[in-house]
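Chain lettering (A, B and C) follows the sequence in which the chains are written, and residue indices restart at 1 in each chain.
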Amino acid sequence: MQSSFRDRDIISINDMTREEILYILEITDTMEPLLRRGSEILKGKLLVSLFYEASTRTRLSFESAMHRLGGDVLGFAESRTSSVQKGENLADTIRVVENYGDIIILRHPMEGAARLAAEFSSIPVVNAGSGAEEHPTQALLDLYTIQKELGRIDEVKIGMVGDLRYGRTVHSLAYGLANFDVDLHLIASESLKMRREVLEQIRDRITIKETERIQDILPELDVLYVTRLQKERYVDPSEYERVKGAYKITEESLRSAKDSLIIMHPLPRIDEISSDVDLTRHAKYFKQTQYGVLTRMAILSLIFNTIN
Amino acid sequence: MQSSFRDRDIISINDMTREEILYILEITDTMEPLLRRGSEILKGKLLVSLFYEASTRTRLSFESAMHRLGGDVLGFAESRTSSVQKGENLADTIRVVENYGDIIILRHPMEGAARLAAEFSSIPVVNAGSGAEEHPTQALLDLYTIQKELGRIDEVKIGMVGDLRYGRTVHSLAYGLANFDVDLHLIASESLKMRREVLEQIRDRITIKETERIQDILPELDVLYVTRLQKERYVDPSEYERVKGAYKITEESLRSAKDSLIIMHPLPRIDEISSDVDLTRHAKYFKQTQYGVLTRMAILSLIFNTIN
Amino acid sequence: MQSSFRDRDIISINDMTREEILYILEITDTMEPLLRRGSEILKGKLLVSLFYEASTRTRLSFESAMHRLGGDVLGFAESRTSSVQKGENLADTIRVVENYGDIIILRHPMEGAARLAAEFSSIPVVNAGSGAEEHPTQALLDLYTIQKELGRIDEVKIGMVGDLRYGRTVHSLAYGLANFDVDLHLIASESLKMRREVLEQIRDRITIKETERIQDILPELDVLYVTRLQKERYVDPSEYERVKGAYKITEESLRSAKDSLIIMHPLPRIDEISSDVDLTRHAKYFKQTQYGVLTRMAILSLIFNTIN
């Protein structure tokens, strides 16, 4: 196992076995002292950060992880400032920038972009989000959060609420969860239900239930994973307002929840979770970002084979 | 005193006593050899640079200071590339990015933004300009420039000219100067006079005189602090042209000045100071930027408690 | 020779003698082990990267070179985020940023910008492209590619095809080649022929032939240097389509070429070279970017005098 991530691309959570996922989480657990004390295990290594979409959070999380391990970073934060402006295709960009560093972190709006990049690149490529399907490091940090906060991933009941149709984080997390013995409750209005193609891939591996009403299932949940509703997805603004109201998480709405319920969110949130929830024991969405740095430190360490 | 800045937020110059200001200036004096030889006192430390407004100068000055001390930097240079685009509020952003580094440098267009950030952040926040009121590190570097160039701050006569209404540097500097025994001459046209609320805070601590004509007071001044006139502040373009002409500093206009007069400017300038002044002994505005790096090195060193 | 580049500005390839160019190429040859193993010869040095035009490739290449030698980088990637927005002139910007680092890398749309910057700067300035004329480090990496791939620069036959009128890379390379015993074939449609002022500077030093048809000369060439045709240069869109078709390089079109022909391109390409050429032995355009990092490492090492 130890060396199976060496020089490996991280494109989809679906490329990983349960054992590999657990191994990454195990390594993540060893990262906290390195974060606290600082480390030089990636000294001299250069991370090339190619963000074709704005994503401050994910970009800074990777850059922080790289710096915490003693490495350096270069790149661009949006396509407008890049050669893309001049019409260069991704395959060419990759064959150029592979000469500038030791690993590529790629965020791209197109489905399949990261896989294509990995095919052309002679250095490892990590997918930091591509299209509506894949965001493997987010899935890993979400799994790490569950394990860390609940002590296990198997035998948890997880509700996902919000935009299950377009949100890549819920898709990647659903794929990841399919490796575990979980009950997955999908809570969404008709227009934002989880895509059929995602469901088909996981349906025979885990128990899935769909509902439109959050209160029906809330009392049973161990994890509530909330995502942003994007106004632009709705043709009818009044429908948006109705759904938003129905799914908004407040301290009040959590009365029926278990004491041990944890609430997660990939962030940024708009108003899916009211701020009075922030101070409850349930709120783990800011903690997730902390776990995100640790998870990415683990991934970088494994790819560069500095962990054994 | 030595440890009073440890882990402290730097939000407003009004939060500092005269003694604290003088202590920062004293530490600033010790930074030059570290700048010249390089230093590793902040090795392993990460500065998160959050610039919601473009400000190349201030951002690069902080980043340079951090690098000169051996630390590293990550962040964003404008809100457009950040989660702000997605509507995230500042409190959330802060609770995320505090996981990515060891100190936050924040530039924000809103009054009070830095104070709010500091309340939510578990790591120190340094205000790099917020609203029209506060730019404490600029005030400190301005005070350092005066002390370094004139050998004292007490007993100097300072004229401020230009946009005293909207310029945050003059407001912060006025607050800072209120700790010293100075004569402050405010030179501005009616529409750009110093705000009442600023005056009220300092009026009983230092001598303030207001005038519209620069030549009336120029011969007495030890310091002339010039700021940009922003065309968009004027409803009447001809009024803008008239004021601009009246306040433009040229070598010719300085004939009545003391030999020892120093001219300062927070930069960038447009044409408030003609380029023939650059080569005179009076011009200290480029020197200010050099002192700015030293001042910010001192501030970082103090917050991280690496100076004793 | 060894110290002639110490603290020197790199503004134009025309400022360099043949001996100096060859010396840089010689130093470039020694950079590969430093790239591979990492180096700290520029530890503590700060590169200020001022890109007033988007140019991911050149910017990242310099930043990679600096990091590979152990140095650090700060700067901006486009003028919009800089003080330029506020109307600051270049001379002022330079006199500010010289306080933030140890070397300035400048990309600017205006002819003469780099030379002006160098006059005002107290630290070395390297021109990373200014106006339509100068891109000296690109010329050096192109010369290095030729020497490395063909074993010599003298006695090669070089064809340049595409936009010879507006492309700064072909102008700078032509100036560089004028120091060697080469045959230069300029292949362009009437409207994109090499500028007279460029030709006049090199005409008496090397053999130049102009043609509109690539196939006339292709069989003789050792190097084919292809550049992008920019649609916006053409008033007549059908003329653009015609020229584009005539100059497009495909595997098919290379049948008459020498086995040893190398094809170069400053990149990004749009469709001047079809992707079936990428896998042929001729294709060296991605290799160029690798040589580019080595060349810039050599230049930085020489300016900081860390090579002897």
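Note that in this section contacts are C-beta pairs under 8 Å (C-beta built on N, C-alpha and C of every residue); 3 or more make two chains touch, one makes a residue touch a chain.
Everything numeric here is computed off the predicted structure, so don't read it as measured data.
Chemist: Among line, ring, star, complete and other, which one matches the pattern of chain touches?
Modeler: Contact map by chain: complete.
Chemist: What's the call on chain A versus chain C, same or different interface residues, using the half cut on shared numbers?
Modeler: Different; most numbers are used by only one of chain A and chain C.
Chemist: Based only on mean CA positions, could you tell me how far chain A sits from chain C in angstrom?
Modeler: So the centre of chain A lies 40 Å away from the centre of chain C.
Chemist: For chain B, jot down the residues that touch at least 2 other chains.
Modeler: 72
Chemist: Tell me, which parts of chain A touch chain B in their complex?
Modeler: 37-38, 54-57, 60-61, 63-64, 67-68, 72-73, 77-78, 228, 267-270, 275, 286, 289-290, 292-293
Chemist: Along chain B, where are the residues that touch chain A in the complex?
Modeler: Contacts found on chain B: 43-44, 46, 48, 72, 74-76, 80-83, 85-88, 91-93, 95-97, 99-101.
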